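Okay, so chain A shows up in both of these, paired with chain B first and chain C after.
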Partner chain A sequence: MKLAFQLAYRNLIGAGLRTWLNVGVLAFTYLLIIFYNGMIDGWNQEARRDGIAWEYGYGQLLNQKFDPYDPFTLQDGHGILPIEKTENLVPVLIQQATLYPQGRMISVLVKGIEPNQVVVKIPTKLLNESGAKIPAIIGKRMAASANLKEGDEVLLRWRDKNGTFDAGNITIAGIFDSQVPTIDNGQIWVSIKKLWTMTELSQEATLFIANKDYVYKQRSGWFFKSQDDLLKNLNDIISMKKVSGSFMYLLLLAIAMLAIFDTQVLSIFRRQREIGTYVSLGMTRLQVVQLFTVEGSMYSLFATFVGSIVGIPLFIYIAKTGIGLPSMEGTGVPIADKIYPVYGLGLIIGTLALVVISATIVSFLPARKISKMNPVDALKGKIQ
Partner chain B sequence: MKENIITIEHVTKRYPVGEGEFTALNDVNIQFRKGEFAGIVGPSGSGKTTLLNIIGSLDSPTEGKAVVMGKNISELNHKDSALLRNLHLGFIFQVYNLLPVYTVFENVEFALLLQNKTVTERKKAVMESLEWVGLGKMANKKPSKLSGGEGQRVAIARAMVKRPEIVLADEPTANLDSANAHAILKTMKTLNKELNTTFLFSTHDEKVMGYLERMVHLEDGKVKQDEIIEAKKTE
Partner chain C sequence: MKFTFILLLILGFLLQANYPDPISVLTKVDANMTSGTRISESTMVIHGKRNDREVTSKGYTQGNEKAFTEYLSPEREKGTKMLKLENRLWIYSPSTDRTIQLSGHMLRQSVMGSDLSYEDVMDTRKLAEVYNAKVTGEETIDGRKVWVLNLVAKVEDATYDKRKQWIDQERFVVLKEELFAKSGQLLKKLVSSDVARIENRWYPKKTNYKDVLKDGKGTDFIVSSIQFDAVIPDYVFSKASLKE
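Right after this comes the complex of A and B.
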């Protein structure tokens, strides 16, 4: 086998441009597969991180009657949890309302939250700092869609627990910048105490956000969703993305493998005299098959080398500076303006192994033909 | 009396052609002794190359027995016949068959790589072999940069580098001009005398015939004449 590597190396280096074209295609494939998966992983990690930091905390305890996917449950989906049972939990009360910015009418969710909380990154402290009658904070998307800026007053109409409409001016105490649209689009954050007063739903909450010290105990009328449960949608989207991505990189891989296969098939026919010469010089058929197989797989090893020279500095640079993405507003998918790709060791080694193994297989298939070759015909270049 | 190193006994070789058969060799009986400088001569289609291929264990007889270096060619498996070629036989082809991506040195070195010789042994043997054929200074050139005569001399060096007992040369001068052909033949003759290597040619080139000490005339796959001409040469 050492001989096969030695001769394959000489053959490939000696073949010049033909070798480097194949190596170039393979290295490009490597880099693209690793880059694409790195982007997905980077997005995945960033989205999970942001989701946890801004919305989910370490899980949520939800009122039994509340279904986050059914707006009809908002009216009754809240309840009271005795204060002694709310340790390490931040209460959030959610109510429907209508906002009237500049004469327009926008349906919103008013979310009451404890201003002193530190479980999620929403800057609720601003609610305490404002002297307004009803201070509120909103996300940048909401601010853009309602054309609101800090300090603006805007009319809000809501219903209290009896269904009676009430209305008042809220003051925008702050606008926060978050990549998580589900805490931003169509949402207004106010102090929960203020919302209790506004709705007369004193001490009531729709859900509680857990901090890292929270230990779940069964509570009647409430159910707990862990981080993983809450991130399921995101994980599903990422899995779908990975599946569609895998089609793309299988296609890329197939193109690269086709290049090697094509080269090797052509080699078997174009290099018949050479094969005959190898045999006449004393190589066994197995040694010739090994040589051609190793030649094919060596393309992938060269590509690893070339890909590393180009890819390592490129990927380090991209991982540091990130890649700007077009806006995905309105898709509901938490995605940052910039993605910082993550290149795990598993991804890199897995991709390299996949390409090397595939290259070896596609090289072996045509090389098998050599074992059936008649050396006399091969020397004459007669085999069709 | 020198020993027989090639014995051909009642060898017949038939090839399928369409629905019939073509008989390339027909009951050939012949022996070659160690150190001979002999040729199988005859017109195209007489069976010269077929006989050479059988002796070189690249092909096997349909009937009869071909014994080379004590080995019956028909009974050798792929591995053993490769070993026979690697250790005892050298080939020189009409079109040189040099490996195009290798340098002259690497082409000559190839056979020694198969024998697992050390780098030092290989280097010494290759350079010695290239000196024999007068190409010591061209070791780093690629075959594409060589003239026809130089290419064939590299092929001779490649065949000789492992010091084989037998060199089989199939029309070695067919692609060479007269001056180069004579130079090549003189080189081979010298190697034959100095190293006692058996040279067996397949040829219909009269220039080659002028150097042969023995000519086996083949016609339609049969031996027509076995002519010892050493005395004539000496005169």
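Right after this comes the complex of A and C.
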């Protein structure tokens, strides 16, 4: 085996440009696979972190009649949970309303939340600090779409529990900057006590956000969604992205493998006398097959080396500075302005294994022909 | 001082006495505006920022609970039918040949992007049943003398908590109306015109609905023909009629 490696190494170095072209394509494939998956993993980790910090907490207890994907359930999807059962839970009441900024009409969700909560990062304390009649906080996206800034007063129209219209000016007490669009787009956060007064839905909540000490117990009329349940959508998107991205690098990998395959076929065709010499010198056919297979798979080892020289400093640099992305507003997916890729050990080892094993297989396939060769004809250089 | 106070009190009483009983005024307005059943053909002119849109429809209503509307134009909406039974609403779209049931919340949405909500169009509850009223004065609108009435809801589920109406003193038709939120914020203004004698009642054939909180010229609701207390077969208010 050692001899096979030595011979393979010498043959590859001796082949010059042909070797380095194959190695170059393979190394590029390596880098692309690791970079793409690193980006997706980086986005995934960031989005999960942000989703938990800003929206999901440690799970949510939702009213049985409330479906987060159906706005028509908002009117009836709320209820009262006895106070002794709300330990470690932050109540949120959601109601539909209409905002009238500068003579325009925007449908919004008004979300009432306990201002002293610390479970999610929304700066609800600002609601306590403001002296306005109805203080409200909004996200940067909402502020941009409604053209509102801190301190602005804007008219809000809503309905009470009986469907009677009510209206009043709200004051923007703060604008928060979050990467999670689902707590921002078309939403206004007010104190839950204020919303109870506005709608006459005293003590009612649409959902509760759990803190880390919350232990779920069956509650009639309510159902619990764990962090994993709440993150399912994000996980599905990530999986889909991974699959769609894999087409790109599998295509590139296929091209690299085709190049190795072609090189191998050409080698076996042109080096028949060399094969015959190996056999006549005492090597078994299997050993010769092994030699050519090692030669082919050694491309991937060279590519690992070249890829490391280029990739390690490049990836470390990108992981530190991050990569700016075009805006994905409106997709509902939490995505930061910059993504910091994460390169896990599993990703690197998996990619190495994928390339090395693929290269070995495509090297072995044409080398099998050697086992059927007649050594005398091979020595003579006869085409077989 | 005492004498002046008593005089003012008597004067006030006398002036007050000149005003009609508000409930009787509302009852007369209700007699003009409400009926057991109604078949009407109407056009909605929705004034937009750049252009106006016209939507023509034919509607059948029975009390406050049943309503059936078929859109006749524009081409895009032609054949769209809506059936309201109590607080349930079905919409049939001919392009998809599908009937969709919507919850009662849809009744609160705007009709075809206009300043009217389904509630505005379909709420035919009698004013006298929903509101307490007080006559606060008299004015003249377009040469016609009107009573000014302030209405305050006496039921919990009134869409508008307060209303101010200018009611024709002879014809008992609301010529102008302002709709208020619970907080007292003015929400909508209605101006009615083209009052015509239809059957044995006075009815405004054109009403402009204006959401005062947003820019624009509002929506004109023009009734081209209307029949009161006509016999409407039961099948009109069935889901089967949506696909006919």
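Note that the second predicted complex is superposed on the first by the 379 of 384 C-alpha atoms of A that agree within 3 Å, B and C clash if a C-alpha of one lies under 4 Å from a C-alpha of the other, contacts with A are read in each partner's own complex, and residues count from 1 in each chain.
Methods note: a contact is a pair of C-beta atoms (placed from the backbone, for glycine too) under 8 Å apart; a residue touches a chain by one contact, two chains touch by 3 or more.
It should be emphasised that the depicted structure is a prediction, and the values quoted were computed from it without experimental measurement.
Visitor: Following the superposition defined at the top, how do chain B and chain C come out on chain A, clash or fit?
Guide: These partners fit in the superposed model.
Visitor: With chain A at the apex, figure out the C-alpha centre angle toward chain B and chain C and round it to a multiple of 10 degrees.
Guide: Nearest-10 rounding gives 150 degrees.
Visitor: Can A:Q6 be said to touch chain B (first), chain C (second), both, or neither?
Guide: After superposition on chain A, A:Q6 lies in contact with chain B alone.
Visitor: Answer with first, second, both or neither: which of chain B and chain C does A:A167 touch in the superposed model?
Guide: After superposition on chain A, A:A167 lies in contact with chain C alone.
Visitor: Decide which partner touches more residues of chain A, taking chain B and chain C as the two options.
Guide: Touching more residues of chain A than the other partner does is B.
Visitor: Touching A:R159, do we find chain B (first), chain C (second), both, or neither?
Guide: second
Visitor: Who does A:R104 touch here: chain B (first), chain C (second), both, or neither?
Guide: second
Visitor: So in the superposed three-chain picture, is A:Q218 touching just chain B, just chain C, both, or none of them (first/second/both/neither)?
Guide: So A:Q218 meets neither chain B nor chain C here.
Visitor: For the combined overlay, can you note the least CA distance between chain B and chain C, rounded to whole Å?
Guide: Chain B and chain C, overlaid via chain A, are at closest 73 Å apart by C-alpha.
Visitor: Both chain B and chain C contact which residues of chain A?
Guide: none
Visitor: Write out the stretch or stretches of chain B touching chain A in their complex.
Guide: Its residues touching chain A are 53, 56, 58-59, 78-79, 82-83, 85-87, 89, 91, 93, 95, 97, 99-102, 106, 110-111, 113-115, 158.
Visitor: Can you tell me which positions in chain A touch chain C when the two form their complex?
Guide: It comes out as residues 72, 74-75, 96, 98, 100, 103-105, 155, 157, 159-160, 162-168.
Visitor: Across the complex, what residues on chain C touch chain A?
Guide: Within the complex, chain C contacts chain A at residues 102-106, 108, 153, 156-161, 179, 181-183, 185, 187, 211, 213-215.
Visitor: For chain A, which residues are in contact with chain B within the complex?
Guide: 3, 6-7, 10-11, 13-16, 273-274, 276-277, 279-287, 374-376, 379
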